[in-house]
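So, here come the structures, one by one.
Each of the next two complexes has chain A plus one more chain, namely chain B in the first and chain C in the second.
Up next is the complex of A and B:
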C-alpha cells in the first residue's frame, strides 16, 4: 500500500547513498479507516502507509525525513471478511497472509488465494505482511496477484468520502505502479462467487525453498466439467512480465479438453510463448520462459492424477453399490 | 585405560545459558560511556588512483570529532597476516571496493554517516583487472610492486606422462568455483578505549588476539605492551575474521581522540570489505588403470586472491597439497597460481583451499569410477592413502590415516547400502511421486590438514589455575566463535584434574590475562589447546603433591608445540596431521523446473576421539548447511570489480527449508597418538566433502556433470533440455 507520494525506485548507485544516511521520520498509528483517508487527504504526498512493514523495515528505505509513516496494521475495517449480495466475498486487505491462510470463509470461497498467500516469503513474513502490502507494492512477483487475477477479483480503494473500484489487472499500471492516488488507501478485494467444483493450483519457482521471492509463478483456476476435462479455465502468470498476466491463449487450449499429455504440452508451450520476462540478478529470461510452462505442466499433471483418482473412487463406489 | 568421565559426553555448553538468555555480550553489544561512532569512507571504484581527499565538509558536520586519512596513521600504514600489502587507509591508490580511504568518528552514528557522504575523494579511475589469466600476463598493469602473481607453486611426483600412457581411462575437466561469503551472524564489530593501565584496548571479533595486537601496534607505532586486544566471544567467523577487520580503525580513532570508540559494519559493508573464499579455476586430468588403480593426477589451479595477499599464498599451498584428495597416486603434477585482481579480496575460509580442490578431485574420482563401471565407494577405498604411503606432493604420511575407515563406515551406512531403495522408494522423504522427479546418491571423501603446517609458528600456551575451593580455571587466548571449543577445553581440564565440569571455568582471548594459544583456525584448537591443558594439568598435579594451595591458588603455564612434518615444501606445506571424512548425499531433482532438493546427508568424520559430542554434531550440521550453500546457492557476483549482491536478499543462503532435517553424523574415531585423549579436529572436514557429494548425487540422478558452482535450477534445466535434444 505504498503511497504514490514516495520517491520512485532508484537505481543501485543512488540507493547505496540513500542507505548510508540516517533518517528521522514521524511515525503515527491510526486505527480508523476514516482517520487514514482524512490524513491522506491533508498530508497525502508526504505520507507512507505501513500495513505490515515487511518490506519497508528491511529494504532500501523509500522515504526521507520529510515523510510521515502511518502504521495501518490495526485498522479494524481493513481486516473484515464478509459475504455480500450475490455471494460476493469481500476480503479486507489488512489481513496478513497467514490470517488469510487460516480463514475458514476464504477457504470455502477462494481457496486459490490461500494457496498463493501460503507461499509468500517465510512464516515471519506471512505473519506480518498483508494482502494490501502485496497489492500496493505492485511487484510483478507478488504472489497473491496471479491468484486474485484468476478469481476475477476487483480492488476497492477508499479516499476521503469516495470509493473507486478497479478490475484487478487494470489496477496495476507497471512494475511498482498502481492506479492508487496519493489520498487513497486500498480497502478490500471483491471476489465473485463461483459455481460448481473448482480445481486450483498456485506454483512458484524461487531461488530456494524458504524465504523466497518468485522467479516465476503460475496460478490456475477452473471448474471440473466432466471426470476428465476442465471448463471456465483461468491462468495467470507472475514475474514474467512488467505486471501479472492473464493468459487467454492457454485458457483456450485447456477449455473443455481432456488433460492428455499432448494437451498439457500444448498448454505449456502456449504459456512459455505468452511470457515476456527479463534477465535479472535472480534468474534469466530463458529460464523464466521455460519454467512457467514447467510449473503449469506440473500443476496440470497433478490435477489429472487427482481427477483420475476421484473417478476411480466414484467407479468403485458404484460397483459396491451395485453388488449390494 | 581408565573410563572417561567427562570427555566424549554431552555436557551443557558453558555459554548455553548466557546465550539463550541473551546475556552474553558480543562485540557489537558493547557500549561505553562517551564513545564515538566510527564509520569508514570506502572506495568508490574497484581500481583507481586517489588524486585528493578533502575532508573539510565532513569535519564541519555537527557532532563530528575527527576525520582521519592516511597521513594520520602514525606507524606503518600497512597490514596483512603474511605480507603487509594492505593499507590501513589508502593514500595513493585503491584496489577494491572495500578499500578504506578515510575514517569518521562522531558523537552519533547518524552524524558519522552524514560526514562519510561529505568526504570528497577525487579519483583517476583505472581499468579494473578482473581476469586472473590476463592479470598473470607480463604486460598486465601491476597491482603491487612484485607483479600480479602473489604466489606460485609446482610439485611433481613420478611422471604423469608415464601414468597417462598406462591409463585405461583418462578424464579431463575444467572446474570453476565462486567467491563465497562467510555470512556470519554478527558482522565485524568492536569497541576501543584506554584501560586503567593506559593500554590502548580493542575489544573485537578477531580469531587471534596476539596477531591482532601485533598488527595494531605496528600500524600505530606503539610498543606491544601498550596495546591490549580481547575477543572472547564472536557471532561466527569461519576464517573471515582471521585478518584484521575493524581493529586498527578503532584503535586509530581512540589513539587520536583519547575517547572510547565503537564500530559495527552494516551487512553491505561487511560483504564488500572482508576476505572471502577464493574463487578458483581448476583444470584436471586424471588417469586410472583398467583394474581401478589411480595412476596419474595432473592439475593446474588458479586462485583469484583479489586486491591483497592476506592468506592467499597459504590457501593456494593447501589447495595444491590436497589436489589429489586422500588417495595414493604414483604420478602427480600440480601447478598453482594465486593472482591479484580487483575482484574484492579473498583469504581464509573453512577448508582453506581444500574446499576448492575437493570439488574438483572428487568429481574426477566419480567420473573415473563411472567410466570404469566401478562402485564409487569401492573405487575410492581401493585407492586410499594409508600410513606410510607417499602423499600427492611426495612426502610420507606419518600419522594415522582414517580415510579408509570413514569410507568403510559410509559403505555400511543406511543411505549408501540401500541407495537403490532410496532412489525408487518415494515413501521415505516423500515430495512427489511424479516421473519427472529424479533421485541420486553421491559420495565424496576428503582429508584436511590440521594446524598451520610446517614452517609457521604453531604453538599453544595455556595457564591452569587451581584455587583453594577446588575450582579450575583455564586461560587460553583462542576465541569462542560458536564452535563450542571452550566447553571442550573445560571437559578436558575436568577430566585430567579429576574435578566435576561445574568446577571448571574458561577465560579466553585477552592479551593481558591469557597466554598466547595461537590462532582459532585450521581445525587446531581442540588439539593444540587440549594438549597444552594436559601438559599443564600434569605439572599442576605435581605441584599440588608438593605444596599446599595458598589463597591465590596455584597457577602453572605450559606450551605445546604442534608436531610438524620433517620436510618443508612451502609455508604451511605440508602437514603432519590430517582429519578425514566421507559424506553421502541424497538429492532430488525436478527435471521440469530444474529445482534441486537435498533430502539427506550422512557424515562419517574422523576427527580423532570426539571430546564434546554435541559440539561435534553441531559443527557437522552447520558444515552440511554451508556445503549445500556452496553447491547450490552462494556466489558473490561482480560486474567489472563492482559487487552486485551485498546483502542477503540477493546473496542467497540456504534456509532451514533448504537443509535436510535428516543429517546423520557418525564419528569414526581413529584415535590420534599425539592428540589429547586421541582427539584431532573436525571443523573443516565436516563441510568440505558435502559439496562434491551433492555434485556426484546430481550426476547419479540426472546423468549430468556440473563443473561450475553454484548449480542453479537454470543450469539444471539447460542441461536437461540439451540432453533431450
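Up next is the complex of A and C:
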C-alpha cells in the first residue's frame, strides 16, 4: 500500500483508504461487560463496538477522528452458552459463527441456528464474525436472523445497570436499525425449548456458495406431527423486505397438511407473494421474489423426502419385529 | 492512536506500534516484512490474505491488528524450513496446483486449517474448507488432490509406518 502514498490523483476509493490510514481513531479494549456499558454511557455516540471486526473494514463507515473503537472480542461474559430454567437456551452473542456451528449444546437445541451460521460468509469470516455483529448490523440479509425468528428467540440487551428483552423481530426497526440505545450492548439470545421432533432448513441464494451475502434466504422450522405432515410451522425470509419477516401466509398453507407437490407449490406461491423485495447492488426485486419461492420449494422437497425415508425405515423395522 | 501490539508470528515474538485501524495484513506485509501473504480484494471476498490466527483461518484484510494483541499468527513463511518446502507445498508443486501463484499462500493456510481439523478429510470437506479462497487459474481440482494426498501422507507418518 506504500506505493500508493504518492501525490497522485485520487478517486473516492483511494481517498477513503488514505483517510483510514491517517485519521487518528481512539481504540480501547474492554473485557468486562459492565465496563463496556459504563463506557458507552459516557462516550456512547462516538463509539463503535468491534466484536470480530469483519464488517467494519468492509462497511461503508469511514472512520473519523471522533470515533472510539471499543474492542469487545475479549468480553468473556458474551461467550457463555447456558441452559436455564424451563430449558431456555441462552447463547452469548460474542461467539463467532464457527463457534456456534461447532457447539454441541447448540446442536442439540437449536440446530437451525447452526445451519444458518454455517452459511455466513466463508470459513475465514465465520472464524471472526460473531452472532452479535450479525444482529447489531441489522442487515435484512443477516443470515442468523431468519433462523432465530423461527426459533422464537428473544434478544437480551445490557445497558448501564439495566437489562431489556425483546422479541427478536421487534428488536429490528429498519434496515441497519435496532432498538438499541447508546449505552446498550446485545448480550445474548434466548431460545425456548421445543417439544417433539423438529425438522428445519436454512436456504440462501447468493453470488457464490463459498462466500456471499444473501440475495434472499428462507428458514423453516416445524414439528413432525405425523409421518407425512408438519405442525407448528414457522417460516422466515431474509433480504426480501426492510427487515426479516415471519410469513404466516406460508405457515398456514403448510400447517397440518401432507407435503404433496401441490401443497409445496401453493406454499411457494404464497411465499413469493409475501416477499416485498427491492432492487439493490446484490440483486433485483423480481429475482428475489422468484428465488424465495424456489428456495422454499427445494427445502420442502428435501423435508418430504427425509420424512418418507424415516417412515419407510420405521415400517420395515416394524415388519422385522413382527416376523421375529 | 498508536497501540503497541505483541504477536507471535510463525513462532517468533514481535512487537509493533500500530494504528488503531491498521489491518493485520498490512502489519504483516509492511511492518514484519512478510510479503508472502497477499492482498487480492481487501474486502474479505478472495481469501488471498488467509493466515492462521490462533490456529483458525481468517482473512487478514478483515482483522484489526489492535484487536489481536497476544495472538499467534501463522503465515506461509512459517511453512517448511529455509530452502525446503513443507510436505503440503511439495504436494502443491507435484500436483500442479499452482499457476500464477497469487492465491497459493492463502490456499496453503486454508489447507493447513483443514488438515488440522480433519485427519483424513473427504473431498467434500476439502472443497468446503477452501471455498473461501478464489483461484482463477487452476480450476481447483489439483489443489484438492494436493491437499488430499498430503492428508494421506501425514496419516501414514502418524501411524509410524
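FYI, the second predicted complex is superposed on the first by the 300 of 324 C-alpha atoms of A that agree within 3 Å, B and C clash if a C-alpha of one lies under 4 Å from a C-alpha of the other, contacts with A are read in each partner's own complex, and residues count from 1 in each chain.
Operating definition for what follows: contacts are C-beta pairs under 8 Å (C-beta built on N, C-alpha and C of every residue); 3 or more make two chains touch, one makes a residue touch a chain.
Since this is a predicted model, take the numbers as computed values, not measurements.
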Which superposed partner A:122 touches (first chain B, second chain C, both, neither): both
Chain B versus chain C as contact partner of A:211, first or second or both or neither: both
Which superposed partner A:294 touches (first chain B, second chain C, both, neither): first
Which of chain B and chain C A:29 touches, first, second, both or neither: second
Which superposed partner A:69 touches (first chain B, second chain C, both, neither): second
Chain A positions touched by chain B in one structure and by chain C in the second: 20-21, 24, 58, 122, 209-211
Parts of chain A lying in touch with chain C, wherever the complex brings them together: 1-2, 20-21, 23-27, 29, 50, 53-54, 56-58, 63, 69, 71, 73, 98, 121-125, 127-128, 209-211
Parts of chain C lying in touch with chain A, wherever the complex brings them together: 1, 3, 19-21, 23, 26, 30, 43-45, 47, 50, 53, 56-59, 61-64, 66-67, 69, 110, 113, 128-129, 131-133
Chain A-touching residues of chain B, taken from the complex the two chains share: 109-110, 113-114, 116-117, 266, 268, 434, 436, 590, 592-595, 597, 632-633, 637, 644-645, 649-650, 652, 654-658, 712-714, 717-718, 721
Chain B-facing residues of chain A, complex: 16-17, 19-22, 24, 58-59, 122, 205, 207-211, 213, 215, 281-284, 286-287, 290-291, 294-295, 297-298, 301-302
